[in-house]
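As structure tokens, here come the structures.
Each of the next two complexes has subunit A plus one more chain, namely subunit B in the first and subunit C in the second.
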Partner chain A sequence: MGNQSGQSYGLTILSPIINNGSRAAAQDLALRHHLSKLANGEHSPFAKVPGTHFVRLVVMGDVVFVGYPARDEHLKSQYLICTADFDGELDPYLQTLARTIPAELDAIWKHCVGYPGATDPAKFAEYIKKCQVETTLYFSDVNDRTLEQTLKALLVKTAVTAFAERYQGQPASVVQPAFKKFLTELSQTPAPRPGAAGI
Partner chain B sequence: MELNLCDLQGFVARGYSGRSFPVASFLLARIHDAASGREFLGRILAEITTGQLWNGKKPGSTLNAGFTYAGLAQLGLPEPTLQSFPVEFVQGMKSRGKILGDTGADDPANWETIWQQDGNVHMWIGIYAESKAALEDRCRKISAAMLETRGATVLQTQEAGALVIGGEVSTKEHFGYSDGFGNPDIQGLCRKPTPGQGKLTDHGKWVPLATGEYLIGYPDEACELPVSPIPYLLASNGTYMVYRKLHENVATFRKFLKERGGQYGGGEKKLAAKLVGRWLDGTPLELSPDTENIDIVKDDARNTNFTYGKDSDGARCPLGSHIRRTNPRDAFGFSGQLVNRRRIMRRGLPYGTYVPDDQPVRDDGEHGIIFMALCASLFRQFEFIQQQWVQHGNDAHLGNDKDPLLGNQCDQDRFVIPGDTTPKNPPFVCPHLPDFVNLLGGEYFFLPSITALRMIAEGGVDPR
Partner chain C sequence: MTNINGKAYAMNAITPMRAWKSPILRLIFWLAPLFGLTDLKNLSFIHFARWVIVPHDKFPWLGGKQPRESVQSDYMLFFSNFNGTWNQYIDAFSAVLSKGLNYFWCWSDKFPGSVPVTGFKKYIARVQFDTDFYYNPYPYAATNDVKAAHRVQAALDDFAAKSANMTEQQFAEAYLHFLIRVQNDLGALGPAPEGT
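Then we have the complex of A and B:
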């Protein structure tokens, strides 16, 4: 399994964090602070980007060898790890990302080495691809359905169960017209918002 | 491998069956101080029932003991030893409420008084007896030892016992289900493996689980020694016990069966069977989807001998039914390795008086189950089952749906019964499940070996 699984793309990025040593505004601390304040769920900035299933941001300070004998070895840099599952191809997604939430991206990646900013989507995409490593494992719930299909499926599951609860045991003469009406209404109901709770 | 059965507590080595020991008392006690508490423990030490085989000389009553973390601290165990216990045991069940789903009606605020204050209960003393007289006799002796040593006080005596229905001692609980099938076979403990009770090999054979899934001090299914307190001798041959007093809302249950059973095409009895995965008499749905079959129930080679592989949509046994959730057997693939690490030994017993079907019953009557489960890791085994399989449905592909019987429903959850096209087995959705069971309190206990009990009594626990 590589970066693509069916129509799903698994993006893994390691961006080195600027090392400005012991200065008052250490970049890693500032980045951790910023990430801790980011909203989750439907208020996440990434919920605005079409086709995004999941995005996770982690600061990797060091990798410590746990074993015998202990080794005093360290990473050359701290890294921002970004993992994302989204629909479609990498290039168009990165461009959309840069066009949709440039300010939010800048606020995160400005702490990283060589970051060109998101004002120019092409340069942003080029930078991200330089930081990319191959994805080998996906979040276990990635199932080759698009975000839209997944959200709609959740809506359908909830609605069909509610319909079954309401009409089970009733004669066909009641259920059939009700089901036709239900289908029409369901097809006209928009998918829930990405990240929305309670579906 | 042979286990030293003389070093195991009898309650750990075997369950005391309702046929031999129909009545029980669980004394929940508080230890006064280290010196007198150890003296009390020393006084009853020789009376503790071990796992040694009885060879026809069955005692009239049994005696076993366990301690909460607060109890071990009160008995003066050294600080380094206390700090080496797993965090969930140290915290205790009340503090783990959010993980266990003990919220709303099951919140500790609604528990019995003795459980409300942290660290109040120190000791569990389990007594099983062949008769009321033998039980009272043993309880009197324990009380006398407490008084003489001034070592402990009983905070609550929880009576329990096999339900007597129509004058006969039964294996049923208050909802009417036959209970107590399917404890895991453990290497070194089971003399003759029972099909369906251990782990399933790739060749479809059932073999006992690794000893370390149940007892501390032995390799488990991952070929690791479970996390255990120090010194090794204190931990080895011991295990942990979950104690939960579960009140059963019998009126709610019967009303639910009547109402929903009237709407469900399979009828009341089948609805009851679909909730649990077994008919009321214990027949597994997987083996007999349309009718009870007492021949299967009585046959130990068959009554737990089934898998779910050919019933992946749950048309026979619903994916969300109680026994399929809490022991999914082969349902998750990977040669059962995910399931083998989540098995627990159940030692539960009903309390209260059975109200026959044809008599009026109230929810607030005295009826429930003292759920007791034993395992080597409370976190990995009991808490996982409770959090992921009882209070959540994702692993069973059921979203947020909970265990229909044990789940903390809050009137918001549903139970889906998959069906097929035959009129006897229609699909059905039970909406607005009520709470059938409410938690009235409980705690985590450590059940030491006989050697460890003696070390504790003698003040000889040395972590160095």
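Then we have the complex of A and C:
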């Protein structure tokens, strides 16, 4: 099973953050600040990347000590964790990611050790795979529908609800032609934009 | 920093375990899908979730000035995208999936068991860490909304194909059947309740 569930792929990467030894210019703090200001919703950079479901970015400062007899130990680096749930295979997705939002990727991962930049998608993909950790068990509740199909279905659900409400109690002579018009309009309506409020 | 986007909550947790236990847990994770993860699907409030075992010597090392890690414990990372509040989530897991939770987490140090829930919640709060950025492509849709939407889409496609050349009377009957089929899946999307 690993990283894949149906047509969904669960990518997990741990990117070590640069430790330049200077608290005044700490990369982890700069990264946290950048992430706190990163555009979200339909303006999120990830909304531009086709097939992207959920994405999270987490600065992990250290492991947790849960108490004796667990070991009280510490990591030597901090890590930027990125989890992404997307449609399809890893290699095509990484290529699309690098080609679609290279500047935004650079602004995030420039704080990480060995990051080559996203200008060269092949080198970007190679870097991501070096940071990738195998997902041991991946669960995707709806793993047989793409993002595009899901966004369209959510639009359809809302539209059918509105249609049923509007034409409740009307005779078939009214509903039938209205339904044909409804289907035509629905087929011409694009799927909602990812991340937009209202879906 | 926010763990919440629309109706989804991003939970992150890390738990240590002795390295010799990892192969056993990997076997359990390998077997879990064979049992269908049915309870997780039936709870129907998790979009995506993952468990990741990071061996003590497999933290990514990119070379250069980055020092190699020297931790001795393996670590299990858990990431979830769920609907509802943190308390509702933990309560549901404890009440419905306690056996499964125990199979997965009993290998982690100091895990108290998923029942009773109070100790379990204290443990989760201790091993959880916050999300710095969280993107959700359909913020107003819970998992049930997504599943309902796909059912409505399928029913509409089916009805549209069958009703294309129906008489008025045939259409009236078929339309009624269509509404009965989708009635439990209709309804508006909207923002999550305040305070969650």
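Rule of thumb we're sticking to: the second predicted complex is superposed on the first by the 185 of 199 C-alpha atoms of A that agree within 3 Å, B and C clash if a C-alpha of one lies under 4 Å from a C-alpha of the other, contacts with A are read in each partner's own complex, and residues count from 1 in each chain.
Simple rule for what comes next: a contact is a pair of C-beta atoms (placed from the backbone, for glycine too) under 8 Å apart; a residue touches a chain by one contact, two chains touch by 3 or more.
Predicted model only: the values in this text are computed from it and were never measured.
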Touched partner set for A:G169, first subunit B, second subunit C, both or neither | first
In the superposed arrangement, which partner chain does A:A70 touch: subunit B (first), subunit C (second), both, or neither?
-> second
Just subunit B (first), just subunit C (second), both, or neither: which does A:H53 touch?
-> second
Classify the contacts of A:N40 with the two partner chains as first (subunit B alone), second (subunit C alone), both, or neither.
-> second
Would you sort A:T150 into first (subunit B), second (subunit C), both or neither based on which partner it touches?
-> second
Chain touching more of subunit A, residue-wise (subunit B, subunit C) = C
For A:T12, decide between first (touching subunit B), second (touching subunit C), both and neither.
-> second
Could you look at A:T161 and tell me whether it touches subunit B, subunit C, both or neither (first, second, both, neither)?
-> both
Which subunit A residues come up in both lists, the one for subunit B and the one for subunit C?
-> 157, 161, 164
Over in the complex, which subunit A residues touch subunit C? Could you list them?
-> 1, 8, 10, 12-16, 19, 31-32, 35-36, 38, 40-41, 44, 46-47, 52-60, 63-64, 66-67, 69-71, 73-77, 79, 81, 83, 85, 112-114, 130-142, 145, 147, 149-154, 156-158, 160-161, 164, 171-173, 175-176, 179, 183, 194-195, 197-199
Subunit A contact footprint on subunit C (complex, rising order) = 1, 5, 8, 10, 12, 14-16, 25-26, 29-30, 32-33, 37, 40-41, 44, 46-54, 58-73, 75, 77, 79, 81, 108-110, 123, 126-127, 129-141, 143, 145-150, 152-153, 156, 160, 163, 166, 168-169, 171-172, 175, 179, 182, 185-189, 191
Which subunit A residues qualify as touching subunit B in the complex?
-> 157, 161, 164-165, 168-169
Flag every residue of subunit B that touches subunit A in the complex, lowest number first.
-> 263, 265, 399, 414, 416, 427-429, 431
